[in-house]
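By letter and in written order, the chains are A, B, C and D; residue numbering begins at 1 in each of them.
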């Protein structure tokens, strides 16, 4: 069984480019986050509903490898999948690619913990936990 | 011989806080970058001069562990040191702490490659390379 | 003769929302800028080409009225048109609307000056100057 | 009686600079906001306490004139004062200057409305309303 990979596209914004003329690396954090947002929307349980139910998904770890820079007006794709699901947390992995050529610009992994508004660690809603089976083969 | 640790302080800005009421994790990327800026300034060779000499320090890898959230108006410290120096690249490590209590909010590592304006990998200026000796003990 | 109005859509990103749970007002600056980017692309002379020819369009003035807040995952539209064209500068006007309902969230005006890489004020490329005729009626 | 002007300093961050090598204009929104934050802190009623009491200060209007660009590592000052105080809203004005030379980089005005968490327009806390007297002469 293979993992579900959800892809979403962005056109690089002028405000995302730095003095080197390339996308400043802080913006990949936002791209990955929107990769997760799109993942949740396409699987039918948007993150806005997750929060409306009183949960938050804290980021506990981010690991990004930057392979090739991106530029203003370039179309990039964020491809997002789940590699680990626990009752109270999960791991996403990503590739960021050039939409036209498919060339990999960055790879990333983020780890998350589910908390309540009061800040207590909590079990995630069952729908989210069902998105990943332990025997999934997750390499895209 | 121990590594030189340079510390710099920030007051969390309102624009850095997200819907959870905590510093959005993309801002740590900027805090770390300013940790590097301050490191270079305090050691006498600011990064603006580095770029004025025709070099750029590309970010090739970022790894952050978020331990405790930060809030609006909180004073945080970024403590920055070098753990690896090669002729064409280097590694910085960091702790982000609460300035008052010293409590660790995040730990991080970033890897960098030196390039020219034309995009060619290049040797870093000697002054930067002298900042780190191979036998440094780098754990703060 | 009426002005050409170019419309572009965005889904509000999580990183764009602040502690009040609404889009932080700094992001409208970016939305307007991408409104201009889309305007130039759809009229056949993208801003990336403008810069490739050695020109920059400096922002000299920004005026935004915020009427209604926007939220995470909301689809918003930026509608962009030109209200003034001089040889060395121009004025854009905008509405930011809810894509579904058409309700106005913000109105804005930005003024710009054309400069060269060396920072000298310069005439804009003729194609851009042709985008607006003095007798245009520009109220949408 | 003259208005109270509160000044705060920033060192321009690398992430704040754009492809033109100057501070991207969206960052002035954040500088002004931190000007207001510092104003409230120095006058003894920080904005974090304002929110803790259940109020928010919505931005209803922003007007910025950009006079001269700022660069990476430049020290800039934001000088903030109040020009209008109503029971349910207020107006701030600002200059952004080069800290060393005093040269004006930008001037700005922002208007605000006080709301509750539920989104109702509300009277501001009396301490804030006392910060400005109708007969103040507010031109710095």
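In this section, a contact is a pair of C-beta atoms (placed from the backbone, for glycine too) under 8 Å apart; a residue touches a chain by one contact, two chains touch by 3 or more.
In this text the structure is predicted, and so the values were computed from the model without any measurement.
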{"item": "Farthest chain (mean CA position) relative to chain A", "value": "D"}
{"item": "Chain pair showing more contacts of the two, A-D and B-D", "value": "B-D"}
{"item": "Chain A and chain D: spacing of chain centres that average the CA atoms, whole Å", "value": "35"}
{"item": "Chain centre separation in whole Å, for chain D relative to chain B (CA means)", "value": "29"}
{"item": "Chain C residues counted as touching two or more neighbouring chains", "value": "14-15, 19, 26, 29-30, 33, 72"}
{"item": "Of chain B, residues touching chain C in the complex", "value": "14-15, 17-19, 21, 24, 26, 72"}
{"item": "Partner chain C, residues of chain D touching it in the complex", "value": "19-20, 25-27, 29-30, 33, 51, 56, 58-66, 69"}
{"item": "Chain D to chain B touching residues, read off their complex", "value": "13-15, 29-30, 33-34, 37, 41, 46-48, 71-73"}
